[in-house]
Amino acid sequence: MFELKPMLSALWRNKVSALLIALQLALTLAIVSNATVIVKDRMEKVARPTGMDVGNIIAATYMPIPTDYDMAGAVIADLDLLRNTPGVLDASVTNQIPLSGSGSAGTYFNEPNQEIGGENANYYQVDSHFIDTLGLNLIEGRNFTPADEHVVGPNDRHHSEVAVISKQFAEKLFPGESAVGRFFYAGNTDKPVEIIGVVEQHLGAWPGWSRAGNVVFYPLLVTDNHKRYLIRTEPGQRDAVFKEVEELLNNRDPQRVVQVETLSKNLERTYIGDNVMIKVLSLVMALLTFIVALGIIGLTIFWINQRTKQIGIRRALGATRANISRYFLIENSLIAGTGLVLGTAGALIINRLMVSEFSQPTLTLPLLAVCAIVLLLVSITAALMPAMRAANVSPAMATRSV
Amino acid sequence: MIGYYISLAMRSLRGTPILSALMIAAIAVGVGASMTVLTLNYMMSQNALEHKDSVLYAVQLDSWDPNQAADTANEIPWQLTYPDAIALLRSDIPTRQVAMHRFGFTVNIDESELRPFTANTRVTTRDFFSLFDVPFEYGGTWNKEADTAAVQSVVLSKETNDKLFGGENSVGKIVKLNGEPFTVIGVLKHWNPSPKIYDLNNNPFADSEELYIPFGLHRKFEIYSWGNTNGWTSRTAEGAEGYERFLLGEHVWIQYWVELDNAEQREAYEQFLTGHIHQQKEQGRFERPLKFALSPPSEWLVLNEVLENDNRVLGWASLAFLLVCVINAVALLLAKFLRKAPEAGVRRALGASRNAIFTQHLIESSCIGVLGGLFGIILALAGLTGIRVLAMGQADQIAAMNWEMMLAAVGLAILASILAGLYPAWRISRTNPSVYLKTQ
Amino acid sequence: MLKMQNIRKSYRTDTIETHALRDFSLEVNEGEFVSVTGPSGSGKTTFLNIAGLLETPTGGQYLLDGQEVGNLSDSERSRLRNEKIGFIFQGFNLIPDLNLFDNIDVPLRYRGFNAKERRRRIEKSLEQVGLSARAKHLPAQLSGGQQQRVAIARALAGEPRFLLADEPTGNLDSLMARQVMELLEFINEWGTTIVMVTHDPELARRAQRNIQIVDGQVSDLRQTIAQPEAAIA
């Protein structure tokens, strides 16, 4: 390290250029580390299990044209038709389609007649085939039986005596105990609902909701002006069945409008915002690193050209090729190191703002360290090519006038 | 002299193609990324009602849970209950006022090949069109009585009229909604503001409704909302059963806007709202402290956070990215200019002033900016296409560049490159020329 | 033409101050051909830079063509340099990526002449140095002597009254050096004042007057004996 002092004074003479490189690296670290923590957070969010066999499920919504329409009768006939269609494993009726962004929620209590301290949950009005159709994992208790199912008019007061709920919601209502056989109350009421079963996971209508995963299912058919079916197909059969569903339902009864969608599409649509964040920020990080690397290559080449004669003199005085390469690599590392130290401070300050102003996740030190090391490696790699070239300068350059 | 400097700049750029390409690429990428995100943010922040900002107000009343404030930016529910909307409609203080919400119908016409379809429908009072400057192609809105009585009239959007009647004047024709006959009384011109400022619930960038029907039809068709219905109690008017239990219940689902043309009118209306809340308090409603809000369109967009935190984060990230690109360009320009310092020295000896040298180099960096800006537009267009694909059709209206944004892109690129060129050009213009004139 | 009185010039670095010129006084008359000699580091180049308005003295008075130039702004000095002074350098200092025409064009551009006037002057000065046929060539395509002739053409295109030459023949072989020297003498005969820095005593003697700078001061103001024939031999 005998070269350190002359190296520092050489750097000092090129302080503006060196500072510009350091500044670029500092900003890059600040941006990349904060972007990484956001991307990581979003990827985890998108990768959360939905609890459903999303890839094999089709959802159909239908609206009858006449106002006086036998909804309950139509549902029975439609489900019968769908369940007997080749390629279909099971079909179920529901008031809302999971992952669609459309849904209902209520406030629930574990005591009667409460006004405050309730827990919010997404609720669905379904039938006894629902759990199998979605491929939900019933981990405790039992499924609904046809005997549990009730049909009510859209304006009727209705009350279900039993419900299946998600494990997450069960733990909120009855922390640390089994929820099966216990009762809860929907809103400020004294009518108990018995929990007969618990499913492992179900993300509900809004995966982005702060309480996503709190879900209640009631065995209920409300005959309002539209109904929805969920259809689970055999693996690989979804697209074939998808093409048939609208025709199938319309052929049975043309007096209605049918719309068909897949749960995969819904799930994708749910995460549009997160996907945009992941893709845009990843692209920004990649381009940023690339641009900074190009900048380092450009400047290192420039410096080496400027000092060709100096390198020649060093070579003439006995410096080996390795000495020369090492000189430029150490010089580059010094600059990069300074930049990354500045960047660490910048990253932490920016993250504070991100957390407080834009409710983004907190940056952890290990993640920051990883980003800094990656950038250091990128910077050294970028300097490597020109530094190797510098080592090839002939000692004869010393005697040549430029 | 500018022409001379530009020709020198182009010559200089051609002289060092790789370094020049690198700088142009840095500026282009920086501008491309920031213009992609800024275009998106700009389009998302559009206010289609800007010209009515001083007279139009969204009305909010705090009828919420006494135990817990509403979960909105100003802790007042976004929408009103039906009974409150009906009570407000009775006031004659506002010049115009609108109570409305989204709904859906099946649509078909007799003796038509066209398959029945479902249509997004706006259930509204008659002033909707004049209040929000919605242009009519044919006919017009319904009479005042239709706001309270069941009159089966419908206004079609241009697109719906094209679909149903091939774009001809369909006023007077019959359309079946949920199987019931409705008379067409108006057809709109194309109208699709984005964001959909009059109803920011659900997706603010969704298309405008396909049908518009009078507000007096609720009971006849037992109309619920196809937007958000939020409630905190199942309490409802005494004795109400069936649909009335919903209609008169304590949940909010009606959007309400008023036009108040001057301060006196506004003050009078505020007094009216205060009076209404006091009156309701006597009947056991509005248990929270008296609170209401009248927000002009510009504030309404901010309150509703149409521009989300994520958009802001991307905005800042893209600007920071541009900053790095600018710093990169500063470093490269400095290197390039210093390499050309001997030429600057000769020019100084031949009579160029420092200012002349400075201008020459600043123009050279501006040329890089113009080229970077042009490539930046292409990159931004590609970026916006990418966003449209990622958004699965939901951003088609906002992820699009107009001429102004393209000019802004070039402007941003020139600004960035001038900023980048400022120091290197200053530095080269200050260098002592004699150093470079002496042969070593 | 040029009058310097008690000119001082010192350079400061972080640690030391060097005096390049100390109490330097000199007068050059209109139409004179003066050579400046002196050992390396004596201040010849500093003198030339100050005379050519490329540097400002630390102290003293400098009158160019009767005008005090000490307090002029950069653009005024640049204007004066452009109009009154021509430079010739040892290394020619042609701009490598401009062809001969465009090189000569440089000072005329700063002068603000229109395109027609510039073309007239460029063609005329190229003709004077005998390189009209090569106007579109790049400097690198020319020999050293030709390059120096282009540099002279460039210095002359603005019709300056005062020509400063810094070792104009230093990079040339003797034959070319002689050609360049003859060209300078020819120019001088037409009335242009020339100050030439050189360390070639032969060349120095060809000037009407030789000044020697030692340690930043004029050491000898004696008139050289005009012996052109002897110098050539």
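Residue numbering begins at 1 within each chain, and the chains themselves are lettered A, B and C in the order written.
Rule of thumb we're sticking to: a residue touches a chain if its C-beta (ideal position, glycine included) is under 8 Å from a C-beta of that chain, and two chains touch if they have at least 3 such contacts.
Since this is a predicted model, take the numbers as computed values, not measurements.
Novice: Could you see whether A-B or B-C has the larger number of C-beta contact pairs?
Specialist: Between B-C and A-B, contacts are more numerous in A-B.
Novice: Among all other chains, pick the one whose mean CA position is farthest from the mean CA position of chain B.
Specialist: Farthest from chain B by mean C-alpha position: C.
Novice: With centres defined from CA atoms, tell me which chain sits nearest the overall protein centre.
Specialist: Going by the distance between chain centres and the overall C-alpha centre, it is B.
Novice: Could you tell me the distance, in whole angstrom, between the mean C-alpha positions of chain A and chain C?
Specialist: Centre-to-centre distance between chain A and chain C: 72 Å.
Novice: From the C-alpha centre of chain A to that of chain B, how far is it in Å?
Specialist: 25
Novice: Rounded to a whole Å, what is the gap between the Cα centroids of chain B and chain C?
Specialist: Those two chain centres are 67 Å apart.
Novice: Applying the document's contact rule, which stretches of chain B touch chain A when the two form their complex?
Specialist: Residues 19, 22, 25-26, 29-30, 33, 36-37, 67-68, 104, 106, 108, 116-118, 176, 178-180, 202, 221-222, 224, 232-234, 241-243, 245-246, 308-310, 312-314, 317-318, 320-321, 323-325, 327-328, 330-332, 334-335, 339, 386-387, 390-392, 394, 423, 427, 440 of chain B touch chain A in their complex.
Novice: In their shared complex, at which residues does chain B touch chain C?
Specialist: 1, 4, 11-12, 15, 342-343, 345-356, 432-434, 437-439
Novice: Which residues of chain C touch chain B in the complex?
Specialist: Touch residues, chain C against chain B: 45, 49, 52, 54-55, 74-75, 77-79, 81-83, 87, 89-91, 93-95, 97-98, 106-107, 109-112, 154, 158, 166-167, 170-171.
Novice: Considering only the defined contacts, which chain A positions touch chain B in the complex?
Specialist: 16-17, 20-21, 23-24, 27-28, 30-31, 34-35, 38, 63-67, 101, 107, 115-116, 154-157, 187-189, 224-225, 256-257, 259, 265, 268-269, 272-273, 275-277, 279-281, 283-284, 287-288, 291-292, 294-295, 298-299, 302, 305, 354, 357-360, 401-402
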